[in-house]
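Taking it in order: structure first as structure tokens, then the write-up.
Labels A, B, C and D are assigned to the chains in the order they are written; within every chain, residues are numbered from 1.
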Amino acid sequence: MEQSRNSAPGALLSVRGITKAFSLNAVLKGIDLDVGSGDVVALIGGNGAGKSTLMKIIMGIYQPDGGELYVAGEKATLGSPTAALARGIYMVPQEPLLFPNMTVEENIVVGFSEKPAVLHRRLVELMEENGWELDLSRKASSLSIAEQQLVELLRGLLRNARVLILDEPTSALTFDEVESLFKCVESLKSKGIGIIYITHRLAEVFEIATHVAIMRDGVITLSGPVGNFDRDMLVQGLLPPNMETQADKGVNEDVEIDYTGLPPVFELQNYSGYGFSNVDLKVYPGEILGVAGVVGAGRTELATTIFGRDKVLGGKAILDGADITGLSTKKVLCAGINYVPEDRHLNGLFKISDVAANTTSGLLDQKELGSFFLNVKKEAEITKKYVDDFRIKITGQDQLTGSLSGGNQQKIVIGRALSTSPKLVILDEPTRGIDAAARGDVYNIIHQLRNQGVAVMLISSDMEEIVELSDRAVTVFQGRINGEFAKKDINQDNLMAAAFGVTGGKQVQQ
Amino acid sequence: MNTLKKITKIREINSLFFLIALFAIVGMVNPAFLAPTTLFNCFNDSVVFTLLATGIAFVILTGEIDVSIGATLGLSAAISSSLLRDGASWFVAIAAGLLAGVVVGLINGFGVSTLGIPSLIFTLGTNGVVRGMIYVYTGGAWVENLPASFTKLSQVKLFGNLTIFYLVVLLGVIAAHIALTHTRRGRYFIAVGDNAAGATLVGIPAKRTKILAYVLCGVLASVAGIIYSSRIGFITPTAGNGYEMKAIAACVLGGISLSGGLGSLLGASIGAVIMSSVSRILVFLGFSSDYDNTITGILLITIVVIDALTQNRAATKSRHERLAARTGPAHAKKGGAAK
Amino acid sequence: GGSSSSTASASSTPAAAGSSSAAATTGGDLSGKTVVFIPKLTGNAFFESANNGAQKYSKDWGFTVDYQGSPNAAVADEVQVVNNAVASGADAICISSVDATGLDDALKSAIEQGMTVCTWDSDVSPDARSLMVSQGTPDILGQMLVDMGAEALTNRGVDVTKDAVNYCWHYSQATVADQNSWQVAGEAYIAEKYPNWVNVAPDNYYSEQDAEKAVSVGASILEAHSDIDLIICNDSTALPGQCKAAQNAGLTAKDVTITGFASPMSIKDYCAAGVIERWGLWDCGVQGAMGCYLAAYLAAGNTVKVGDKVEIPSIGTVEIMPNDVLVPGQETAATNNGVVLMPERLVFTQDNMNNYDF
Amino acid sequence: MKHSPLERFKKGVKSWETVLLGLLLAEFVIFGIANPKFLMPRVLLGSVNDIISICIISLFVTFVMITGGIDIQAGSIVGLSSIVIGVTWQDFGLNIWVAAILAMVVAALCGALSGFFVAYCGVQPMVVTLGGSFLYTGIALLVSNISATASYKGISGFPEDFTQIAKFKLFGVIPSQLLIFAALTVIAYFLLHKSKFGRKVFLVGVNPRAAEYSGINSRFVTLLTYVLSGVSASIAGIVLTAYLGTAKSDIGVTFTLPIITAVVLGGTLSTGGKGSVIGTALAALVIGVLRFGLPLSFKVSNQYLDIPVGLLLLIVVVGRSIAANPTLLRKLGIGKAKRQKNKA
């Protein structure tokens, strides 16, 4: 008891017995964690396990209800981020917290006391070292999520922190960027910097971590040097004590679809818009069409344009024989397309509204919920259906969605998209930032849809996901479709090559 | 070309262009408007609003609002000028007026920042209390017959026709503008308004910055009150009634976003000149005073609508340009090699 | 009241003629009564002075004057003040109305509930009140404004009957009843007597009782019309604001004539500085006191009819006149209805301005 | 165990309407004890007449504020509606009811114009409606200039059945204005809390982009809320015109701050997404009764009433913020926190 209360010898950061509750919800129930010099501690755990909360406590954003923090062996009270920063701790948050009206450079250097010129030089060097490209004079509000994440990383790296916390840094990054981040982490490791690395991708744990800790329900259930574990042990550690291992691997036992003579439910003809051009595409009922590509390829723009969020510059979109080109979102929805946006916080969630309102928000223009008055019974019914079907963990239908974990939030957004009984569902990065269990649930949902004969367009930057789920796949490169693959040809190598514009060993001509 | 584009992106420059265009149009209708005296007086007369607008700009930049500044102006004016009238020393009178501003600012800052109460609600409350205090303090009577030495100050002019008040205030605004844009701590105000959580994360004391913004706002409102006393020479208990809205409008005219984190003090001061010149402009345009409110309204709405539309269009355009650039040279040959 | 004043030329109206004939009424005790004294708005020098006068006199008279008003000159606010007064159970109301008809219903219901209602300064419909203590008809006051201007112009060496005099009006706003009625009467008077004058802004200038705006509008008038000769400011905020603007521009009473209605206290500094030569008002303290006295007098059970004379202790005797002295054609009820005119209006100059403390 | 009363208190406080209702009752008790006259039905019910405009408008400004906007032009629309009725009735000879409907149409258009700028041009609502307040006040004055009656005089002499709108008393005591307010409260309640439109209003306020992605026309919903508040202002204008018996262009200009105060005191989040009609209605009554009761029962002069109203607002929001977040108290009273730590 006395022993564990103290800092581990030589640790840069030690956490002892930290507890934290949000009103009655006990999130952390006595956490011990050590980060030594040159350690990369991979912290894994399901959505809502309390990982981010712990990190926010270390960063001084939240105050713990109990427990102690030791920085370099000294007991520390971190009352504010300023105090944490002063002790050399920096966190790259899970949700990028940029200053939208500032430029990229201002965003990175704000709060530093060094001369701007010096900072600028260091920043440029850092970017060159990692091979990251970003226009430093762009406004942060124009950045995509991935770019925002890069900015956050640059901030952290430029800080020369002694303890660096990376909260799901790779969830939005491209393959290349992840590679260079890992290189960067290696070099930090060798400089003796301690890193806490939060991720949902187990592969990453084995690639860069020295230690691993698994959090479940507010306690650390498993921890130690990474060499002591293998993948299955981690998966086992993540799952609740008596649960079958069915979740992670969405089973794709279905037979191949026979496309001959099958009319497409949705078709794009020479479709052009901002961020993509001359797209020809067919989606068939009951198939999952994977849309692969690197972040920034223009897939989101393609999807949002179909969905009536942006102007169509040319071509046609046809759903079930009806021309839906350039219709408003409302009409596209009625016609039978729904879209799960990639940025659920910005475009998906009503955080201070309850679960029921979130789930049924897409139905407000339909008679189903009543003609003038809102049919509350019906609303509860529909909500219950999706909560049950998707196993969404809530305390009640009146819980505010802002207080749900990411995975459950995502399921609600998907539930909403399905509530309008669409013929085509476009899922944009549906599993970003959600844990293995939730991911499995989402995969199951996608399969269910397919089996019900709904056409699914799955936009994902996670090639594994495309490989696992798709019946057919296309790749998008610089706003154009540059490859189409039948089920048997879908594999990581093919997709990757096409996504980077390299097909059959040669660069695609522009 | 590129620099020109960059310059027009600076919002306060747009406001300045607008001010110049407005004055030019009025000057075309009535050349007397362009007489140096008149032109200078547009600026001289804006001194109270310049102070109020720059004061509230601090608060708006941090993403909050303060609707109590009109009352604060009135209270400071009443306190300072009644002390002066009753023979107190200048130092005491001015210090007392400023103290009132500091106190109101601290209370607002405490309520909004420490207690976390939405700023509109909290400052609505302090507005009522402070406005009532003026009636209590003055008993509802006017404060009149201020010492001539004090009211004469407003007539001291330099460089031809610029009052010393405006000159000092303008220099102050420029200094504060530079401090805000070019110093580390100055950037804090904008950072806090842009993203308070993000600011906290990089070690910016968001709460303290907000309190400071309110105190600065209160102090500037009381400076405005003291200058108001000197300029007007008599203080009614309704002094400054409704000025908060005009000051907010001035900020918006000067390119400050009410959601915080965007804009500059210089913009606020330009907006203040536009806002306070309206009634003068109407006199020169020969409009019947019956049109006063109508034209003020049309002017205000037109400016903000045009500004919003151009900003939105510019944002959309740059986004579209960036997106179009991704698809490579326009209408290149279709697709790539499909498998 | 103002004993040593130079009386305005227009003040030869029927008024207290010093007659000592006793009031033909039944006696009633005023002491212990409560009169709610309502201004158009609080925090205005004119109304505050009137209240000071009412309070001062009422102490001697032995009844209570309860000053209740809203800081806003708005009819809805004033109705609320009236209703509160009725609910409070006072004996009488003495009100300066912000609207000529908008308070009628509220006042009538006050009367129904047994209260006495008098008006002062600004009237309501005659059937919604008993007596009105008027500072004069619009004609009297409009003429007084013009005459003060003409006199000052003459003193400057202008031939007011021949020279082209450029003038304009600057007051609070187009919706304020009394100020506009004076302006209308004044314009008619000018058209008749000084057809050679030119109004450079027939639609007038307004400063909405905002002191800052009064100064800035005042300055713009001086700048936009560099040849202006006369500015008439029939509003107690506009006049000091206009004077301040002239002072800021370095102009004096020799360059431009400014006149209007405002309390002597608020203008005397400008007069001493030579910015303004003469301006006017009536003794609003006395007016307020008279209104309260008459209200209490009627509330005590006294009845009056047109032609009666009422002796107001330490002020003088006043005569009840029919309503049509104010508005031609207006009827007057048999009893307890009518108009009392203020005996005199004051014109302030360098010589007498220090004799007043309002 | 020890915390259970506190916990319960916190839960009670969470239902904001309960707190407001408690406040209202407390006012009745306190003012009633200080001056029993206060509780006389004629006095108490009659007092409602003077605050009814603010009550009516704040009900619908709540909609606007839930979408994250603000409406400071409603007061000027009151005057515009009033003068439109007066001028079209007196000078154009329209039937008084047609004139009233015309006033509502004009008000709806005014609301729609401002709403359009807010929703479709992305201009900040505070500034648009500030401009609107100037514009509509100005237009009201211009309309009054059309009339043969000078604008400072006000148009009066309305037919009896029109003025009955505001003068009729049910059972001889309940003023019609109170009935109108009650009816509008019910309508607003159902519209906001029970209808699909109301749900859209909330969703747009919480996240307009997510609402768009749900197929809700955020912009149009936003625009409609301004139309609603404009129409409510015209209803207030009609009632007020009937009550005063006078149509004038400036009768509503002082309502702005009281309206906003009522809405925020009613629990509407100034950033949007949260609010309630009942809360607003109760808050408007709390403020109105305070302004009526203090002069009547405690002889507070009207000109000082801003202070108690301001203080009430401050005390209530501070209390609420502390109740919602007890750690604040600990932070503020550092001594107390230390003692607790020492014990632990």
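To be clear about the criterion, contacts are C-beta pairs under 8 Å (C-beta built on N, C-alpha and C of every residue); 3 or more make two chains touch, one makes a residue touch a chain.
Because the structure is a prediction, the values reported are computed rather than measured.
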Going by the contact definition above, tell me which chain pair has the most C-beta pairs touching. B-D
Please flag the chain sitting at the greatest distance from subunit C, going by CA centroids. A
Need the CA-centroid distance for the pair subunit A / subunit C, whole Å please. 74
Using mean CA coordinates as chain centres, what's the subunit C-subunit D distance in Å? 36
Just the number, please: Cα centre separation of subunit A and subunit B in whole Å. 42
For subunit C, residue numbers touching 2 or more other chains are 42-43, 71, 174
Interface hub residues of subunit A, defined as touching at least two other chains: none
If I count partner chains per residue in subunit B, which residues reach a count of at least 2? 131, 135, 140, 237, 257, 290, 292
Using the touch rule from the top of the page, what pairs of chains touch, sorted by label? A-B, A-D, B-C, B-D, C-D
Across the complex, what residues on subunit B touch subunit C? 30, 32-33, 35, 37-38, 41, 45, 48, 131, 135, 138-142, 144-145, 148, 151, 154-155, 228, 231-239, 241-243, 276, 279-280, 283-284, 286, 288-290, 292
The answer for subunit A against subunit B in the complex is residues 59, 61, 80-82, 85-86, 91, 93, 97-102, 106, 110-113, 142, 155, 270, 274-278, 280, 296-298, 301, 477-485, 489, 494, 498, 501, 503-504, 508-510
Which part of subunit B faces subunit D closely enough to touch in the complex? 111, 114-122, 124-133, 135-136, 140, 237, 245, 248-249, 252, 257-259, 290-298, 300-301, 304-305, 307-309, 312
Under the touch definition given earlier, write down the residues of subunit B that touch subunit A in their complex. 184, 187, 190-191, 194-195, 197-205, 257, 261-262, 315, 318-320, 322-324, 326-339
Interface residues, subunit D side, partner subunit B - complex: 70, 72, 117, 121-124, 126-128, 130-139, 141-142, 145, 151, 257, 260-261, 264-265, 269-271, 303-311, 313-314, 317-318, 321-322, 325, 328, 331-332
